[in-house]
Amino acid sequence: MVPDLSKLENIFESNPKEPGSLIAVLQDIQKEFRYLPVAALKETARILRVPLSTVYSASTFYKAFSLTPRGEKVIRVCKGTACHIKGADLILEQLESGLGIKAGETTPDLKYTIEVVNCVGACAMAPVMIVNDKYHGNVRCDRVLRLVKKD
Amino acid sequence: MLLAVIRRQGIDIPALCHHEAIEPTGNCRLCTVEITRENWGGWKKYVTSCLYPVEEGLIVNTHSEPVMQIRRTILDLQLANCPNAELIQELAAEYGIHETSYEKQPEGDNCIMCYACTRICEVLGCSAISPVNRGHDKVISGPFGEAPPDCIGCLACAQICPTDVIPWSDKDGVRTIWDKKFDLVACKKCGKTIITREFADFLIERRKLPREYFNICDDCKRQELADKMGGIISQAEEAAL
Amino acid sequence: MRIDSIDKLNRWREECRDNLGAHKKKIMVCLGPGCLAGGSDEILEEFIKVVSDRKIKGVSVEAVKKTGCHGLCARGPLVVIEPEGIFYSKVKKAHVADIVDKTVVKGELIDKLLYADETSGEKIVDYRKIPFYARQKKIALRNVGQIDPDSLEDYVARDGYAALARVLTGMKPQEVIDAVTASGLRGRGGGGFPAGRKWATCAKIDSDVRYVLCNGDEGDPGAFMDRCIMEGDPHTVLEGMIICAYAVGSGQGYIYVREEYPLAVINLQKAIEAARECGLLGENILGTGFSFDIGISRGGGAFVCGESSALMKSVAGEIGEPRAKYIRSVVRGLHDKPTVLNNVESYANVPVIIDRGAEWFASIGTEKSTGTKAFSLAGKVNNTGLIEVPMGITLREIIYDIGGGIQGGREFKAVQTGGPSGGCLPAEKLDLSVDFDTLTEAGSMMGSGGMIVMDDRTCMVDVARYFLKFLVDESCGKCVPCREGLFQLHRMCERICEGRAEEKDLAIMRDLSEVIHRASLCGLGQSGPNPFLSTVMYFEDEYLAHIRDRKCPGKVCRELITYDINDKCTGCLACISVCPVDAITGEKKKKHVLNQDLCTKCGSCYAVCTYDAIDIE
Amino acid sequence: MKFRFEVIPSLCIGCRTCELACAFTHSRDKKPGRSRIYPIAYADDKYVPVVCLQCDDAACAKSCMFDAIHRNEETGAMEIDQERCVKCMACVAACPYGCALVDDIHDEIVKCDLCEGTPACVQFCPTKALVYRRL
């Protein structure tokens, strides 16, 4: 899959072309492509006049960025404190065995990505899982896979 | 900064990430000292002397027991992290540690993550390499883990590295560093090599140096100077006769 | 409409109040994070649909309002019918038509949706009478759950921007700083530094440019107060920041919002645009000649960016690695200019302090910790949710009176405050006063306000291991004590959990903790050992049980426990379907069998068994 | 600049005393340093003592990306600040007279520093082919 880099133009238009825009531009690219294509990062370095190494460094420092394509459905399992003591590990285990991938990985058909996040701020409903942007609270480990496949 | 004053006094304290050519960042923490003031009522603070500004009335203890404890523990941790780094072994031994108390890292590559290499590369104006990932997974690398496109093979990173972990080689007129190969400028007279073609071009462009300065090596340039002066002398002598 | 004078603002406020009418019927649907997880967005849509279908006299679609977090997330999704304050909990989409037809039209109550008291079972109609709400005092959260966050009118009707008007017309910058100082407001982000002093320092430094920053990088796991404020009452954050900007002489501010809060970004952005349009933000605010604008900076998903110097680097578009703060950021902060950085909740308090006076604010709470504090109550407590209480309240009051005690009537073991920098307090500390200094003295800290309650099925060593793992993941990796020290501390903690540790390891861990605390570059590292130190201080016996007896009293640590199926098993197949490694076999209505060789001790079977047929040893 | 270093090749007999003097003056850790001066033969038995000319617009300083080479205003010498030098060899390559040198023994880049105002080579030159004089 070759990313359509013509979409980059809008992103560069809507941000000031200066080094200070680096994080904002990377966020926009991540949103547009669901990951950071190498070619897009090289273009970012050129347009914002930031060393490529810095662009790569930022891409690996912040968790919001991914250098490999993410799945259509990004399943984020919250591992905040409340979720941890209420069994977030079980949910993750169900997902990992059910989808056959580990946290941080994407299924080969690019359908699912499992991610672990450090607290999404819905602790009162722990344990919490987010499928794309949809929050699921009080998730039971025996319902995890059904929830994922349903949405 | 405090470190300069301490060293000027001839007091030896370790500082692995410190180098005059780069801005201090306080990564290694070994230059930590204890500071207090008369009016602090006995309260003490632990600061890295490479970053702490010199102030009137500051009372500095460079070798108090808590400071020594900090240095010992840090060296102990580094010894676990890079068990094969000679510099760390020597320094740790100086502080009485011969075997680490912690779990040794089998994958340890002797990098103490001092950032000296990335900082010197930034000073140079190339920023070809950078810290990648974060936390314990942090490594120094070129973009995408590949040969860094902005690297000019100047060797500053490898030279400044306190634990000598950046591999490089000069062989058959080719320098290899960061998995990138560079042609070395060969002396037109004797073939001796000193720096890479890209570094020479970089200096010629950035520093407006004449290209011919880089054509021959230092040995041949000295001979050339002697020959040139000798020629003038001979001419003068002939004229005098 | 541009409001270019104070008079105009006051006139508009009257209009807003008339329009909204305190007496009018309103259906408030909570769209806080908890209720949203229960599908309240669909409930809101359904209300809009039903109400517009029914064409009820005096109740238009405008009567249906979405609000921020109402508080009692445990009972969500929540719907409140105003003006009576009828509190419906666990509402489903299917209930909506009933609520409209019965309660809104006829004034009848729907019994099954009403709140039932935990112990007595008594139904309570008006939420204000529910103990969870009755014991609270709301200042920072005064509007959260009460207004539509997208509506500037709602905010203005509830005295919004009145404090700003007063500041801009009747107070000198120094008077504002004096008021904040006199109120005793301390930073709500966790540090507890007096806000007034910070503002005064910044104002005093000679500089052409100063910045006002708002820290919305609520990174502590288990905390969501700031999220609820940003999502539920964004204008109060803006108003607090504008007042601060006026006090210190700043023309530009930024709100740094963490990556995980996209809705907060949307709501803040809308609020900023609305405020700008009305002349409450931007050039020549309220026609007074004072100008100040606010931008939003989105985080990239890094806990360390909650640290002030890392946050400022991140706002500037750089990698969020902290720097040494021997020169404080209030002196040299964003772009090396003097910078005031306060957190969301701190700013949310400011308009009220101006409005009601510093003395009034200082009269609430304790002498050294004035005002209130918002907490997110989570974990094994009945009433999980968002609360705000006066400082000085005891932990027991929060957990038992407001929180309604421990889930399932189990035994309380510990309460964790302060996130990864804080600590765990045991039962004997339940009567401690909740204020900055007392909690710190007890080995924990106030932190940003996450409060996680743990019962006897929680292993404190595992909790320490959890936080250390969190910190190892989130350490930026720049300095050695944090990167290597926390890594080793976590490894040793793991060894304890796995029953592979020796008693002398605890001493090594304590020594290492001391050095990490003293020698780390930033707050993340310096406070990093706290989860270990506080648990080993109060629960050393649990550590020793793991080390000496190879036992996990909380029955959590996998290497030290075994699962088995007892005779209560009814053969329902639930555990079989959930076991990720197919370690359980059996037929319907026959006792199942667990193969110990395959079991990974994940506990899934225990979690789903409704017959208490899984034993843990 | 208050001083000038002069060489008079016609007086040089190629005895290499200057080399020894230089190496020993720059010894450290009981090891002599690399000499910064070399009498080089340009014809049979005719020598030029080649040493740094302390150029006005010095290529060594210009080539140093780390600002490690500065003029000592007192002595007139271009000096390498070893604390700042990272041994990138730029100056070695750039000096048009080959007078920035690699000292393998001490693992340093070195050049003539005029011995902080009392050049040893001048003191020891038996034929006075080297002169250091006040301007």
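Here are some notes:
Letters are used for the chains, namely A, B, C and D, taken in the order the chains are written, and counting of residues starts over at 1 for each.
Note that a contact is a pair of C-beta atoms (placed from the backbone, for glycine too) under 8 Å apart; a residue touches a chain by one contact, two chains touch by 3 or more.
Model, not experiment: these values are computed from the prediction.
Comparing the CA-atom centres of all chains against that of chain B, the greatest distance is found for C. The chain pair B-C and the chain pair A-B differ in C-beta contact count, and the higher one is B-C.
Remark: chain B and chain C have CA centroids separated by 45 Å (rounded to whole angstrom). A separation of 60 Å divides the Cα centre of chain A from that of chain D. Each chain gets one centre point, the mean of its Cα atoms, and the points for chain A and chain B are 37 Å apart. For this pair, chain A with chain C, the centres built from the Cα atoms lie 23 Å apart. Multi-chain contact residues of chain C (touching two or more other chains) are listed as 302, 319, 473-474, 476. Residue positions of chain B with contacts to 2 or more other chains are 131, 133-134.
Counting partners per residue, chain D has no residue that reaches two or more other chains. Contact between chains, per the stated criterion, is found for A-B, A-C, B-C, B-D. Touching chain D in their complex are the following residues of chain B: 19-21, 120, 123-125, 154-156, 159-160, 185, 194-195, 199-200, 203, 206-210, 213-214, 217-227, 229-231, 233-234. Here chain B touches chain C in the complex through residues 25-29, 32, 46-48, 51-53, 66, 69-70, 73-74, 77-78, 80-81, 101-103, 112-113, 115, 131, 133-138, going by the rule given at the top.
Of all residues in chain B, only 118, 126-134, 142-144, 148-150 touch chain A in the complex they form. By the touch criterion stated above, chain A contacts chain C in their complex at residues 19-24, 26-27, 54, 57-58, 61-65, 79-87, 89-90, 93-94, 96-98, 117-126, 128, 133, 135-138, 140-142. Of all residues in chain D, only 9-10, 38, 40-43, 46-48, 50, 59, 62-63, 65-68, 81, 83-90, 92-101 touch chain B in the complex they form.
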